[in-house]
Structures are given as C-alpha cells and as structure tokens.
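Shared chain: chain A. Partners: chain B in the first complex, chain C in the second.
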Partner chain A sequence: MTSSRIEELKRQRQTELKKRGNQLPYAIAATAAALVIYFALVKYNMSFSYYWIIGILLGITMQRSRFCFSASFRDPIMVGSTSLLKAIIMALFISSIGFFIIQYRAYLMNPSHQLKQIPGQLHPMGIHTAIGAILFGIGMVIAGGCASGVLVRIGEGYIMQVMVLIGFLIGTTIGARHFEFWDRILISKAPIVYLPHHIGYFPALLLQLLLLVILYFIADWYDKKNNIMSTM
Partner chain B sequence: MAEYKLDCLYEACPIPLLKALKQLEKMAIGEVLILHTDHNCSIKNVVEWTKKQGHYIDYVEISEGEWEIYIEKAK
Partner chain C sequence: MRIYEKVIKKPWPYWVGGILLALLNISLLLATGSPWSITTGLLYWAAAIMERLGFRPADWYYFNNSYEYGLKAGQGFLFNTYTVLNIAIIIGALIAVLWAKEFKWKRVKNIKQFLFALGGGIIMGYGTRLSFGCNIGAYFSAIPSFSLHGWVFAAFMFVGAWIGSKILFKYIL
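On to the complex of A and B.
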C-alpha cells in the first residue's frame, strides 16, 4: 500500500543514488568455495560434511526468510503480530513428524530400548526449565536476537551483534561453570517425561499435532484481534 | 506538509519499530515519516505493522544494507 507522495519521495531518492556494483561474482565465488570445502570434507570427514551443508542451508533459509525466534515470541506481546509465531508453530509441526519417524524407527529396531537410546534431546523437565526460559527470554529481547539470529546478523555485517556474541560466550561459559550446582539442586531430581512411553507412539504424535494446530488457530485469531499498539 | 526524519542506524530489533510508532503518534494525518535503518528486520516488522494499522508505506534500499522507509500517516 503506497501513496502518491511516497512514490514521489522514492523516485526522487532513487535518482540521487549512485549505481551499486554487481554482487553476482562474489556470490559465485562464495558458492564455489563452499562446494570445494564440502567435497574436501566428504573425502576426509563425512559427518563434518553433513554439518557444513546443513548449516549453510539453515543459514540461508534463516537470512532470507528473516526467521527470528526472539521476534516470534516478542511481537505477539509487544505489537500483537503473530506471523513469526505461526511460522515457529508450523516448523514444530513439521519437525514433530520428522522426529516421530526417526524415533519410531529406533523403537522398531529395538523395542526394549532405554530412554537414553532414543535419538533426540530428552532432558529432565522441571522448574529449572522455566527459570532458564525466563532468563533466556529477557536476554534475547534485550540483545535483539537469539543464538541463531545473532549469528545470522553477524554474517550480514551487523556490528552491534558482535557485542551480543561476546556476551553470549561469557554467559555460556559461566553457565557451564555453574551447571553442576543447578544439576545438584534441581535438574537431577526432575523427571524425564517422554510421552510415547506413557500413552504410546501414535497417540503421542496425534496429541502433539492436535495441540500445535490449536495453538496455530489461537495465534491466528490473536493476530486479527489484536492491535495493542494502536491503543497506546 | 511536514516531513520527519528518524535515524535508526545501529538500532536492534524492535527499537526502529517502537521509535516509528512513537513518532507517528505525534504526527498529523498526511505527514510523512522517513525512517533510516540498517536493520533488515525493520523492513519486515515495520512494514507489516504499518500496513496492519492502515498507513501508507514503502521503502528504498539506499545503499548495501541500508534502507529508507517512508510512512505516510493515513488515519
């Protein structure tokens, strides 16, 4: 949506701008370098080559889509917009199905498996999860990005986020140093809840997908209903 | 009609959006706000928010990684 005045301002501004250089040669050079490194890794270390290519594809996806975890949780509260939150819910929907396939396969191959043998990150859940979430949430909103968002923006050349990365490194180091303390007082006492062991694999998947669909529709309704800032 | 300039260089998300909406509140209908930013998320969230509010908006990339967002207050 635009107006004649904005069109005029734009036209005026565009005539003042000097012509920018072509970035295509840089793109070709960077792609070629990435491929050379990929093939070198395939030869010397197969698993590193997976990390390399998945990392690059993830980075491109996050940069181009401006996928931002901190904005997705901040914008609903701050400006009443849930478009990114809906994207996160969709991503969780897809990855739930993907993880189900991986974990169900592991279950079929070894039906008497232990909790530790299930692929994925199964961790104790308790009050420490909430404490960590609040700390991380405050940090990421002030810093303007979560871990992946900060890295993507540093790659774009956004200098301020380098400061955030330094803080991030200090924080994770202190966190690792104090992990033993948290583990002793909270984490080791909390249970690992793995729903498929309680209600079965297929019901657990269906329950999770159903909850995500409900959350999606709530987010959609909230977006249409809410214009918090317009009342300020 | 007055034009207002807002310098949001080096400001992280969501400061450009907050600055823009505070400035828009002070402005009269038909006045234009020019927001100068180097944060590409602003292109997304300022544009999305402004459209939702019903104001006119468009933007120009004035140099690599720098944008000017034009907002005309419509109501």
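On to the complex of A and C.
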C-alpha cells in the first residue's frame, strides 16, 4: 500500500469519527429508556426486573470486553490464540465456586432434595449431547457467532447477525419438532450426572477447580507455542 | 476524561469480561434460581411466530414432556423471562456501543456471507435442541452447575469448531 493511500484512509477514518461523534444523545436516551423499563419492571414484576438489569449488564460487559464464546473455541484452532479461552476458564472457576455455595446451601436446607430442585443447568448426558455440540460448533464457526454473540452484535448494528438469528429460529424449530424422535432413541435413556451426588459435594468442587487450573495452564502453554499473533 | 477513555472508549481486557460475566451469572442464579441461558428463549420466539401463522406449538411434544420446557404459568411465548433477558442483552450492547460512539449499521457484504450466516444459524439452532442449550446454557452455566453434560458439550463443541474451521478455510477465506 502506498503512503498516499494510507493518508487517504486516515482522512476517511477521521471524517467517519466526526460523523459518529453525535451518538451521545442516543446513548443518553437509550440508557434512560433502559432505566425507565427497569423501574417499571420493579413495580410490575420483581423477577423480571432482575433479568432485565442483569441482562443489560451482561450485554454491556460482552460488548465492552469484545467477549465472544465462539471465538474462544475458534481462535485456538485458527490462529493459536487462547487469551479468550483462558478468560472463560477463569470465569468457569469463579462461577463454579459461586454456584457451589448456592447449591450447597440448597442441599443443607433440604438434604432429601431431588435432582430437579437443584439450582442450575442439570440435563441428561449422552450421545445426543455430543451430536448437538458438534452441530453447534460447526454452526457457530460458519455463522461467525454463537447465540450470545449474535444478540450482542445485533445491538452493535450488524445486519448479518439478524440473518444468523433467523437461521437459528428456523433450525431450532426443526430441532424441537424432531425432539420426540431423539428423545425416544437417545435422550430418554441418558442419565443426568450431577457430580456431587456421585463423589460428594466438596470432592466434586475440588476436582472441578483442579481440572480448570490444569486446563488454564495447558491453554497458556498452547498459546505461547502456537500463537501466530505473538511477537515471539 | 481519563475514566471515559479507559472504561467507555477502550475495550476491556478479556479477563475483566470473564470475571464480570461469572459474577453476573452467579447473581442471576442467586436472584432468580436459574442461571444464564439463551436458546430456550429463542425457541419461544420461533413458537410465537408459528402461533401467528396458525400452528399450535404449545401442543408439540417438545413443550409437553418431563424436561419442563413448557411455558410457566402466566407467561407467553413472546413475553417471558427469557425474552426479557435476551432483549436486555441486545439493549445493553447497544448502550455500550453508543457511549463509545461506535454504533454503525453494518450491511451483509455478499450472497455468500448471507448463505453462510443463514446456514450456520440453522445448524446451530438444530444442535441446541439436542444438547439442551448453547455455549451459554449447556456450557457456561452447565459446567459450574456440576452437571457432567456441560463438559461433554465443551469437548464436542471443540470437535465441531474444528470441522467448522476447515469448512471456513475451504469455502470462505
């Protein structure tokens, strides 16, 4: 690229930035609207208000930190970078401790609880999990974003992610229609494996934290060895 | 002004994002009894559209079995806790990007990109019905729930991402 071309691009970028400078009124309006909705929900339905405010904060966090679950799996394969994956392992470490406290408290309050009463995402594990995960992994890399990334990027103004969302709605509807079939041949035979029920609460926590620490160091080592972006 | 530059204008490091997402997910579980999940809400949107088109999704097997995916009392396919959370994430991202003065409509570049977006979305959407969620519900919230299916999902999502990368290298890049 010639230097005059670079200068031209620089000028273009400058004018673009100037053009975008008047976004603050919209920012203030959107923030105000979000707060009005929050207070309306507090009055109308307390539970909805929790979902609303935490959702807003999740969206802000994902946008500001350029967080992308799909990239965390794609980058190690495509460019050898694991900085996102390491951040997710760190997040899993922290949320494991948090979830553990909530689940253990629920257990102490009701020692004879059933699986369905345990707070969290507990679902059958089996071949269907593997098939679903492989399909999901292929889809998210091809589409360039997963479910959370799609929502965030729609907020940023990407039209393409609206197409991904439409595709997602079509696919998930077909999947729901086929669910009876999959349930009959696979899912109904698969167990829910809740680790604390098999090896005890504290061993499960320690095992999981240890595993996450090991994975973190493997990811760190992998990055140093393979990252094509690093200067080493 | 320096705080504006640092917090609002510049991207946060990934690890800051990770820690905050973990704390928010814990808060959600504590406040509502259920952790972060997205895709059931997206299926509900699809069901709402099907309802408008004259179908009766509420009668489908998917919403009437022991896995409890039917609507909770007082909620519809369009108005429910999932919708509130998903819309809030979009609005949160919009707020962040507006404060950073970076909002811009970004069009689809070509027909190829369009087809890959749509096709990828369809494959992804189908997968989530088999695996009880996406990389939020079946991974980011499942592993901390100590349910082993989260680890299985993570391992095989890697396999899927690897296959997807190969396809991407072959047809797009």
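Note that the second predicted complex is superposed on the first by the 205 of 232 C-alpha atoms of A that agree within 3 Å, B and C clash if a C-alpha of one lies under 4 Å from a C-alpha of the other, contacts with A are read in each partner's own complex, and residues count from 1 in each chain.
Note that in this section contacts are C-beta pairs under 8 Å (C-beta built on N, C-alpha and C of every residue); 3 or more make two chains touch, one makes a residue touch a chain.
Just so it is clear, the model here is predicted, and its values are computed rather than measured.
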item	value
Partner chain in contact with A:221 - chain B first, chain C second, else both or neither	neither
Touch count on chain A, higher of chain B and chain C	C
Contacts of A:144 with chain B and chain C, given as first, second, both or neither	both
Which superposed partner A:158 touches (first chain B, second chain C, both, neither)	both
Partner chain in contact with A:78 - chain B first, chain C second, else both or neither	both
Partner chain in contact with A:195 - chain B first, chain C second, else both or neither	second
Partner chain(s) touched by A:39 [first = chain B, second = chain C, both, neither]	neither
Chain B/chain C common contact set on chain A	17, 20, 66, 70, 74, 78, 83, 143-144, 156-161
In the complex, chain B residues that touch chain A	1, 10, 12-15, 17, 21, 25, 32, 34, 38-41, 44-45, 48-49, 51-53, 55-58, 60, 62-65, 68, 70, 72, 74
List of chain A residues in touch with chain C within their complex	17, 20-21, 23-24, 26-27, 30-31, 33-34, 41, 47-48, 50-67, 69-70, 73-74, 77-78, 83-84, 86-88, 90-96, 98-100, 102-103, 116, 118-126, 128-144, 146-148, 150-161, 163-180, 182-183, 187, 192-196, 204-205, 208
Residues of chain C defined as touching chain A within the complex	7, 11-39, 42-43, 45-47, 49-50, 57, 60-62, 65, 67-68, 81, 84-109, 113-114, 116-150, 152-165, 167-168
Complex interface listing, chain A residues touching chain B	1-3, 5-7, 9-10, 13-14, 17, 20, 66, 68, 70-71, 74-75, 78-79, 81, 83, 143-145, 156-161, 227, 229-230, 232
